[in-house]
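Handing you this structure, nothing more for now.
We call the chains A, B, C and D, going by the order they appear; numbering starts again at 1 in every chain.
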Amino acid sequence: MTLTELYCLMPIVITGCAALFVLLCGPLLLSSSLTAIGVTASAAAGIWAAFTAPAPIQCIPGLAFTPLAQLLIPLFSFAAALTLLLSHGYNERRILKGEEYPATVLFALFAMCVLPCATNMLILFLALESVSFAFYILVSMDLNRAESGEAGLKYLLMGAVAAAFTAFGFALIFTGSGTLALSAALARPENRAIISAGWGVLILGMAFKLSLVPAHLWTPDVYQGAPSPVAAFLSTSSKVAAAALLLILLGHFPPMTELRVPLAALSVLSMVLGNLAALRQTNIKRMLAYSSVAHMGYLALALLTGSRDGYAAVLLYGAIYTAMNLAAFGAISSLSFEEEREQLTDFTGIGFSTPVRGGVLALAMISLAGIPPTAGFIGKFFIFYSALKGGIVPLAVVGILSAAASAYFYLRVVAQLYMHRTEAPAPKPVGFAEGLALCAASAAILVIGVYPGPLLEMVETALR
Amino acid sequence: MSVPLSHILIVASLMFAMGLGCVVAWRANVIMMLIGIEIMLNAVMLTFVGGSAHWGIADGQLFSLMLMALTSAEVSLALAMVVYLHRRKQTVNTDRFDSMKG
Amino acid sequence: MTSLIPILSLLIFLPLVGALLVFAVRQSGAAARLLALAFGLAEFVLACAPLALDRQAAHFGAPAGFFLYQDHGWIDRFGIRFTLGMDGISLVMVLLTAFITIVAVIASWNVKERQGLYLSLLLALQGAVQGLFLSLDLFLFYLFWEAMLIPMLFLIGVWGTGRPVYSTIKFFLYTFVGSLLMLLAIIALYLMHGAQTGSYTFALPALMHTTVPYQLGLWLFGAFLLSFAIKFPLFPLHTWQPDAYCDAPVAGTLMLASLLSKTAAYGLIRIAYPLFPEASRALTPLIYVVAVIGICYFAWVAFAQRDMKRMLAYSSVSHMGFVALGIAAWSPVAVSGALMQMVNHAITTGALFVVVGMLDERAESRDLSDFGGVWGKVPVLAFFFLVFNMASAGVPGLNNFVSELIVLVGVFKVAPAAALGAFLGSVLTLIYTVRLVQEVLFGKESKPTVLAEVSLREGSVLVLLAVVVVYLGVHPGPVLDLFKAPLELLLNK
Amino acid sequence: MMLATYLTLMLLFPLLGGLTCAVAGRKLPRVLVESLACAAVFGSFVCALLTALSYTAPTVVTLADWFAAFDLVIPISLYLDPLSLSLSVMIGFVCGLIHLYSVFYMREDEDYARYFALLNLFVFAMLTLVLAESLPLLYLGWEGVGFCSYLLIGFWYRDTNNADAGRKAFITTRIGDTAFMIALAWLFQLFGTLSVTKLNGMGFLMPVSVLTLLGILFLIAAMGKSAQVPLMVWLPDAMAGPTPVSAMIHAATMVTAGVYLLARMYPLIAASQAALAAIAVTGAVTAFYGATCALAQRDLKRVLAYSTISQIGYMMLGVGAEAVTAATFHLLVHAFFKALLFLGAGCVIAAMHHEQDIFKMGGLRRTLPLTFWNFLAGAACLAGLPLTGGFFSKDGILMAVWHKGGALYQSLYFLGLLTALITAFYSFRLVFLVFGGGNGHVHRTSGLGVMQAVLIPLAILGLFGGVLNLPGYMGEGLLTRLFAAIPGGGAVEATHEQEIVMQAVAGALALAGLAAAWLRYGKGRAHRMQEAQSPPSPLISFLANGWYFDALYNVLFVRPYRALAGILWERMDEGIIDDSLDGLGEGIGSVGRRLGRWSTGRVAVYLISFAAGGALILGYLAWLVL
């Protein structure tokens, strides 16, 4: 192993070691120091990755520090750090003690760091499943609420079936192409039937991860049952990870024509059904779940173009969506005390009684609705730009119309926050950690919304 | 090569479908669903092994091994959860776990 | 000098900075008020500055006709630039915006709840509107076009009366649906232009040279038209409007009626028509029809109203029909009439909403049956009420007459039938106007409530508005002159 | 140069006076406001006189630019010709007197500032109308007088009826105004200019049919403003305003604006015989209509109002008969004697403490002698008793009609004669009922002095107004000479014999009317007073209610408009349009809720959906590949 290779591996090493360290030394340390370690490790990994030049890693087969990793590892680290910060206060209030929580988050991050570095299907699959695995645990972590366990079970059962589909997909592609290595194998045109079938099964497995219709039904239940910070992490990083996996596969192997129709169907169904189903939701977490279905539909739309513009849009949107959903779930989590605050009516007047948290939630909603000058607008612009450029006009029109309808339910939250005369009692003040997380997320939303240039450049570099 | 690849694939697909059928049909018992998932994953492993044999490389077998590890981890986690939930609700019927909907 | 002081950017960012500062001092109502007023006045002074410039001077790199121009890189990936430009049309709109905002700030002096926040949103809205009037980059235009919605959303929703949440969401959704389709059209145009010339840019002057196939042009223009027609609003896309106008607080209604509707008209003139000359010509009959139906139908419906604000809401959109008519005719006379009507409508309708707001504040009612004999109770207020109503009814010597005459004369030349319909509308306009005047000012003093006469603050606003109403009615020449050069350029394309 | 100054001042005085009164009137002492208002109008009158003195030939004076949009250039320019000059002198004079009269008539009213402000503004608008050279400026005056009239009719706004009357006047005239605006837009399209002088010289460029339509548009405009059939319904109601207002606006000046407009645009439309015929028929029919209605009125002012309608009908008839001079002559003389009659009526009403029913009056001959004699002079003019001003002016018109010839005009001539007879009858019915009889008892005489004094100059002008334009056999007419230069202004070429015969016929008819009135209301007064107690006969009701035009319009227009407004709003706007969109939203929402129900909470359902999705995708791929 050369020094360069080690250098490139450092993010993975850091997160892995931190996870182990937290798990092993957890009982000896205070929860605040666990959070601190976790956040520091994530930040370190992220920053390290951001300033590392892409390079191959010879000593471990199937790994390379790709340009994609240079973008995604900081993104995942950002999400993980914010999740840890958010969980800090949340867990204290909900009496979720123990080192296994931060450790699992770090494990998830570790797996996420591996994923974009993968150069063969095995590593890819393992990384993805490790991520899922960590989330099975995180979702059902809250023993005080029956919903948490129930959500965990549902997620696990669905996830296992989906994993079987994904694996079957890989198996078929492997059987069709004869190698697990991404770069060498996927271009082989023979055994078209087998490979097509493999792709079909694989796409369905990914549809589960991305919660695309009709594999989306678990999403509202799991978001509702999971602790809010976990939902934040789950709704952002795991989706981006899944999208990244598809990107890696498609990037090496432009989508075959026969995949267009299924992917288009998944995309359009998700956009329409997700947005429609969210319209009348009274539970804000379920609403966000359906919204995430719709947003993943937009992502799929961009993927469908099969162009570099589309892939760039996917990455950009992933990053922006991460910031938006972290802010949204972060605000919800920081507003949850003895009980999970999830019914829409629980938020009445919150915008004025707690200006910061209410404001962050409102900002997240406005951004999710895609209204400038927030990041959501830039993301949506890029998605529909790539869709039009890719020539899929009807889908773009359907998507944009469903996006217009979606404004209704996002604004309903904003209205609930500010526009009802009943004054809510001011919730308890928020801790430094959570405040920091909220500020970071909203700053990201605003900065990207006004000056997206640098991020766009990073996205471009990542695809090179 | 005594068994042609297509046969292996057909068998694996049938296994996969049967496993899926088991998962879908046996909703009254989580354990049975887990068994169904096992069958599906076994079908996947069979495909990998078949593919390995077809191409004469070990990659597929490696994947299968990893899958085994994954499966066991999954099952252990699932069982733990089943025990926990059974304690709460005195049932392993998944249809009873429907407090969240809509 | 022009290059040393970035007036155009300042015009946008001054109100935004003001919004932030006012937000910072929002705990103290008095400080917030004064600060907001100071920023409003400063903006107005700044907006007046270009009047002193040599408007013939060509600016380096600027498209023809723009005497102030700024161009900065912004999002290079898409060729999006922060390009601002000012010609006569935008100058007038900017002045109008600055003026109306001052009125809005003064009219919000008595807001009880969260005044600081209210004023801060007002200033933010002003910044967005100014940006819209100045942007020469289509993306930038769109950004401001949508960003305007956010402050408005809150202004109606938080400080509104009646059913504010319903109204504000209705308003938002309506406009949002149109806007998003317009976004697609903008992107499509951008891609087409890029494919044709190889330079991917959102710059409006460049995009005007795009060759758009006829059929596609119809779709794209349709998307623009839909978006603008909703904001206008044109019949039958208007039903958000009475609710929003009615339930919004005074300043909110003022901004909506006076400025936001103008952004749509401005968009049609500046963007939609020049970009798609063929398509717009093809769809012009449609615009004629909806404009004329709008003028008459809304005037008729206004007659049936009992709520003063709702009546004015219908009146407002009825008058906007003249703007649409003038734009549709797309002849120099008609369009300059339409532009003039935009200004006049903003002033007159705004003034009416302000006066009705004052009446509402006093009597705590807007129902016509609660009023009567106001002339005897508050003659000064009544006087202004009468003046603004007469202006709105098109009495010559007051502002609306001039623009309506120009529009009608201009349109008659091109489409006599449409003009005839609009003439009918002017009768209907008078019918509801005199009804409003009569039920409020005349008759027995229905309620024994004593109404307070106008205060100095209110009086100053009213006088300000009345002076403009009369000035533009008697001597609109300077404003019309400003439109001349830009219109020549726009229409000769 | 001097001319421009005079003209400017003529307009500026009343404008500034009006504005001062409007803005500061309530703060200023009453005397100051009153004197300011009067001074403004008299100043204007003096300017008019000065203008007349320095007048040599028709002149266009451009004062400033109003607005310009590309080729639509509208200057503020005035046109001085005999027509506008004579009218502005008359306006200055009559309005000045009425201002003076008002000072005393309104002296118990608190709202003097509003009153005088509006009165002054009215004078400004009226002068603008008369002097305007560009049609939009004329329209400014046109609408301005309408606006002032609207507010002055409803001056006592606390009574809803007054306000209603004002509203009715405003809206009805606006219908005519719209025709004016259409004509304006069309003229610009046709000729590219809106200058009166230029337009009048360009008529030959257009086919007659276009000119006919233009003429009819102007006629409709005139119908609204001058209360001609069928837009005459507003004028009787307009009597709700203070009496000096009725005298000034609804008798002497504003209502004749329609005639003025037609006279002004006469050179343009004269080429169309059809348009002229339409004008003549409208005039004759209106004259007859107004006279018949005046027969049955019980309200002193309504008699006069209907008589005004009728007299303006004569003027229209004159224009229609190509006799602009005669029409203008009648316009001027009518202004004097009708103002006189109204002001006299004002004295009566003031004295009777706002009693206006002529059947409750009587004997005022003795209690208000000065009013009586003046009123009598006015009535004589109105009736057209020989040698009064009214006699000559009315006769000039009738003669022109006869002279024009043709079956149409001859029948119109006879209609005019019949109307003259009726006019004489109702004029003296009024005199006999109000001033005749025994018991004359009045409530108030104080302050009547000046008011009555004001009547005298008007009476003189009315009685001797004939000298302005004596018929050919008595010497040359002053107006005829003045107007000779403008088209349609020449004298009617009739022989002296014809003139004498016709005037004899007219004089005889007037006297016959007088005699009939004497028989019925002088001698038979007691009997009539008795009759007035019982309900009127159907014919009388029909006439008293103005042929039931109000009721007809109510059924035809007003009520359907109201009802449809409600229907449009509630059924169309809130109903079809809004509810369908709300319904769409609702529908989308419920679809969404149903989609949400898909998420049943049972993991098995999720798995089935998942598997089904997989089956579909694989099925599709299989179909595609195999």
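Side notes on the structure shown:
The criterion applied here is as follows: contacts are C-beta pairs under 8 Å (C-beta built on N, C-alpha and C of every residue); 3 or more make two chains touch, one makes a residue touch a chain.
Quantities reported herein were computed from a predicted structural model and do not represent experimental measurements.
Chain pairs A-D and B-D differ in how many C-beta pairs they share in contact, with the greater number at A-D. With centres computed from Cα atoms alone, the innermost chain of the structure is C.
Rounded to whole angstrom, the centroid-to-centroid distance between chain A and chain D, based on C-alpha atoms, equals 77 Å.
Computed from the mean C-alpha positions, the centre of chain B lies at a distance of 64 Å from the centre of chain C. Separating the CA-averaged centres of chain B and chain D is a span of 96 Å.
Averaging C-alpha coordinates per chain places the centre of chain C 37 Å away from that of chain D. Touching two or more other chains at once are residues 173 of chain C.
Taken residue by residue, chain A touches two or more other chains at 153-154, 157, 161, 220-221, 281, 286, 405, 408, whereas all remaining positions touch fewer. Across the assembly, chain B contributes residues 20, 23, 94, 97, 99-102 that each touch 2 or more other chains. Chains touching one another, given as pairs, are A-B, A-C, A-D, B-D, C-D. Residues of chain D touching chain A in their complex: 585, 588-593, 595-596, 598-599, 601, 603, 605-607, 609-610, 612-614, 616-618, 620-622, 624-626.
Across the complex, chain A meets chain B through its residues 121-122, 125-126, 129, 133, 136-137, 140, 146-147, 149-154, 156-157, 160-161, 163-164, 167-168, 170-172, 174-175, 178-180, 194, 220-221, 224-225, 281, 283, 286.
Interface of chain B with chain A (complex): residues 5, 9, 12, 16, 19-20, 23, 30, 33-34, 37, 40-41, 43-45, 47-48, 50-51, 54-55, 57, 59-60, 62-63, 66-67, 70, 73-74, 77-78, 81-82, 84-85, 88-89, 94, 97, 99-102. Chain A meets chain C in the complex at residues 352, 366, 369, 371-373, 377, 381, 384-385, 388-389, 396-397, 400-401, 403-405, 407-408, 411-412, 414-415, 418-420, 451-453, 456-457, 460.
Within the complex formed with chain B, the residues of chain D that make contact are 596-597, 599-604, 607-608, 611, 614.
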